[in-house]
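The structure under discussion appears below in the form of structure tokens.
All chains are identified by letter, namely A, B, C, D, E and F, in their written order; residue positions are counted from 1 within each chain.
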């Protein structure tokens, strides 16, 4: 099994979710994060104090998937989340050693 | 002491008193100022400011998304400030100047001739208030009306465009309509239209203008696709409370005196609103949903809008019924009709102020009847008054629509009107003002 | 002009003036209305509304968990609206109607016979105010009292149950007790009980009812196990500020005139509160903790509650001491006694309004003494007055408790009273209203 | 009825009226109290309280970081309470006592001899108000002034240090300067300095003290390195709105009557502020940035500060210009000068109240001129008045600076002044009060 | 070593923590997330605009653990977090290559 | 490739970022978390209800890095984030199976 971590632009979340649904991915976990990277952020000024962070709001998606489905998930995310502009984000894939569904105690692919 | 012939003669309110007031104006040799009236009118003025800042700013701001919160609040504040400056420069002259016709007046530009000892008439013969107080009270009405219009265009209109729009719109729409409604010699005033505290000039005017403005401006990106839930119903609730509190300045203040007429306006502003707040929730239940907090707040505002023209022109139970009806109609308008028509009146400035204002203006002719507990005279003819009210409403709608079209296209020509797609996505707080509302 | 014999005869406040007022009522041929009084009483009325919305809604809402914020605010708003409608329909008649006995009055239902020219007496012979203003002022008291009760039952009681409870409770508890305290001929009024602005009818009544209600309702899931920290002390602080500001309408407004008595009530409402705010923090320090923001806010409210019956019945230094004592006792009650007893008065409606109200009511008999700077006459007998105060308190406690039991069981029969466990966990905002307070 | 010779003789406002008032005091046999004035002054007093809580608490609190929110609000509330208690104990006596010299007065300690029937003079011969109202009105000025000072020292000063500082500072700085400015016989009062509503005693005094205090206290850890963006501009905006609303109590209330002078102060408080709010945004645009929400709010405050001494001493167009100038100068001070000088006036108490106050005080001598629409007499000599104003400003600066040095070192000796580095990092909410402002 | 990621219902956090404490797990890192899955969310309506997301508030727990303890941790979480109702969540286990304690620079099992 | 997860004290974020920048690490993803561990938290009291959680605010940094750079990153974080006081946090390293840049579809080290 694989553990997929995607960092995307917040307003792309809905599109990505729909694309993944179409692929049969039922579950995922989402969180709000801040991203640093090549993309530059807006400058904020408060009474002369200037803050030009490049800490930008991003959304992180985590999906546990079977080995089969994982490559398609990565591709789907990559396509749905792309705006072809800097800061679109990344998809990372890690190996997943085990998965358990809390409700039933099922493990492995059926737990996903 | 300066006496004025048109402006300030009769300030606001039920025009039936007008004949008396006008008569008194000529006869009474020594008009006096009661400090109780002055105190009350200063308080009322302050209350209307509180309706704008922080009241309306919170009500509207809470309904927007986080990324547009501070932009919305600042837009409201800035157009209110602009309205105040325009008012003392030429707005007061255009609405309440010493010379004029049915549509507009002139004179007293830059408040020439007015000083701390000038007085303005009320509806009672021989009773006056300091003219500066009358000017301030009316000034706050101009300020809140233009701010109300913004409810339909938030989250996508440029700040500069809003300022240009406001300047043109106040000049073409607000000042003339205020003159028509409230100045002796004004069109509606002379028709005998009933409008205690500004149902026409404030709410119908703002609501219709909001509708036209958002049609010209276009929808927000993602409208009816993305989630656009209010970012803070807490703020909207605070705003609702402050609007209700402040509205007593608006409605009871429009009596221009601390008297029984103000007291009547006060009780109506309580009960119509209470009724409307609860009836919106009941309407939600009746259509199969939960009674909601935003529904309650929306009902409160709908009730306040509807009772505005009726405040001193109704008995309490007429007001309760009027509030209930306005609330239910606005509910259907906002939740059922609007989504079908698909225009993007972002915060329902038309759905509540426009629709509620129209119901209030027409309903006032009904609840005014003495047979329904209203303060009308025994020989009150409801049919005739209904015709007058409908004419005033129709004229206001037409006038406001045209003025808004002009103002929006001027703003477009000067500023480009809409923010870029990128700024809209990122939010106007960052894009237009370089700030975030919250840095938790 | 309509003159009333019981209702409106004496509105609110120190009953010692009653004899004079009653006398004047019969003798004075031409009672006059001063516009300064009218202005002040309209302002006071508006201030009490501001105490409810947004004041109390924020104070209480901030103390709840995020998931119940908007439900709490809406409960407060909705019962206040209900109280307003009930008041004009029959509440005013039951409390201040023209006919009646020691416990209840009747007549003037649906405000029959009242119009914009009706007047209500004050405590000064020959001085009256518009009756609509008196009705509105008293209406806001009914509205805030029922809202205060909710402090103990939030986060778990159904919205529908709250509405049913409120309707029954107002009828059985508030209207009669208001009659007993404030109407000439009422039980406590005739006993000569001192209650300037409603310590008994508002605070003891609400506090005791809150205690009984939460005992019937039961504890919140996870009480004393899970973290139930206030979700926003910022909101609670705003609410505290607005409550203090609005309380001047409550206390100084209860003079019914803009006079020296109102001024005395005002200064006491400043200094008792300031003292109580600081003394709660000192009590925290004395018991080995940090002085806290919530402690400061709690002290402010405790002081306001305690000074309510004493507002025009004390000198400023008596008020300072009264505020300090109330604050310290409420502190021990809320932080030490309550956790031991283990009942779940969620927002300490009993711990602060009930306990603070009792201290205030009894303490008023003390600080009233001229020897302590109070406004009592030279021959004031403190012992006798203490007995009267204790009797009034005890009667109120008993009456409120019984009325609450009935109201809660009616609500239970009609609605089931409590939300499901699932809704309670998920929060009443989503479960009862289908909304979230915040969508950041 | 108690008549006083110094304190209460002339309360607040344009000292040019003083001669008349003093004269009347002796001659007029039967001074009357108008209930309209009483109502207005009670309202004004309440409005000033609303400026502090929740107004200033939100304005300042929103500008701090999340971790210091509730500490900031509580500091403001607690010093205000302390000021109220000190005021009735000895502050009123030191500022407005019956005996005294140019710098201080004495007598009436613990309000001895004052009761509900005592009266205080206004600026009009024969017109008085209840003395308790005058005491309360002035009490709120003391309370807000000391709270304003805290703007420079938040986020790092111990709560206990703040309380000690406040007690010493009020005694050494506020009470004497209030006496000098507002009491007949006071230094500036006798010089004929123009200060309608407290530009010197409130704003210059607070602003300069804030500067000195933050220099002694030192910078916040991470100043000009870490991000210290306002945690909630929403709260700051609410605070701005409430400050503006409340400021009418401050400025128009300083007329002490509900008359034309109050009306003039009111219109000026509208238009100067509107002008200043917009001009700050224009200044931002002129220096190549976006017009910001915080800029708008800062401009509003700068305008309010500048118009304070000028409120009843200017025509509306003089006030508009004064507001614009103050706004632009404060903008440069806060955004350009301050960062260069590098002192850590955290919330710009000096940059806005100090600088704006100085511009207002000096500018008042200009806008007072009848040739510029001001209310000065025909033979008004601007040059002479300018000298007087500058002298009053300079004296205030010196006095406040010295008093602050003493107060800060006393606080340091007693409490250690600054929180530990750990507490500063973690935030004063947790470290000083054991709470979090938000538990979402 | 293992890196355990558990997604649970928020109100179960305290119980899980206590159960893990009893097992001797001293440290963990917790964050607020939104979960998509089979469990359906409440419908929200604001003035007629209906939003029925199935994005539900969940809590994510991350625990680095020795290989020995990992299976027991998974089991303990599974038991403590279960309500036997849909939406109880998942436990994922990944291999952890290394761990360092910042304060001391210690690595490996002793760093946990 | 490696996937590095660091838990640090919030006020150390800027220092860590600067140190990593100096090392040539351009991108990272940051989130706010709560940490349980040996460090004890402040006690909060609200009207007598005492809450003494040891749930403390921490910042989580996630960095995908090439195998070469990973050890230096871990060391840099460890040094920059240390205050030598309890609660400084941890650095965890996991194996990263693949990385994709959404904008371009690039994969592997060049995607980072």
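What to note about this one:
By our rule, a contact is a pair of C-beta atoms (placed from the backbone, for glycine too) under 8 Å apart; a residue touches a chain by one contact, two chains touch by 3 or more.
Because the structure is a prediction, the values reported are computed rather than measured.
Chains making contact with chain A as well as with chain E: B, F.
The two sequence copies chain A and chain F touch through a face in which the numbers common to both fall below half of the numbers used overall.
To find the repeat of C-F among D-F, B-E or A-B, check which pair has over half of the same contact pairs by residue number; it is B-E.
In terms of their C-alpha centroids, the spacing between chain B and chain C amounts to 33 Å. For the pair chain A and chain D, the distance between C-alpha centroids works out to 52 Å.
For chain D, residues that reach two or more other chains under the stated contact definition are 34-37, 39-40, 43, 227, 229-230, 232, 238, 289-290, 292, 294, 434-436, 438. Annotation for chain F: residues 31, 44-46, 94-95 touch two or more other chains. With chains as nodes and touching pairs as edges, the resulting graph is of another kind, matching none of line, ring, star or complete.
Pairs of chains meeting the touch criterion: A-B, A-D, A-E, A-F, B-C, B-D, B-E, C-D, C-E, C-F, D-F, E-F. By the touch criterion stated above, chain C contacts chain E in their complex at residues 222, 225-226, 425-426, 430-431, 434-436.
For chain E in complex with chain F, the residues that touch the partner chain are 3, 17, 26-31, 62, 64, 94-103, 105, 111-112. Of all the residues in chain B, the ones that touch chain D in their complex are 33-40, 42-43, 45-46, 49-50, 52-55, 57-58, 61, 69-71, 73-74, 77-78, 80-82, 84-85, 88, 110-111, 115-118, 130-133, 135-136, 139, 159, 232, 235, 238, 429, 432-440.
Against chain D, the residues of chain A that register as touching in their complex are 44-49, 51, 53. Per the touch definition, chain A reaches chain F in the complex via residues 2, 5-8, 31-38, 55, 58, 60, 74, 77-78, 81-95.
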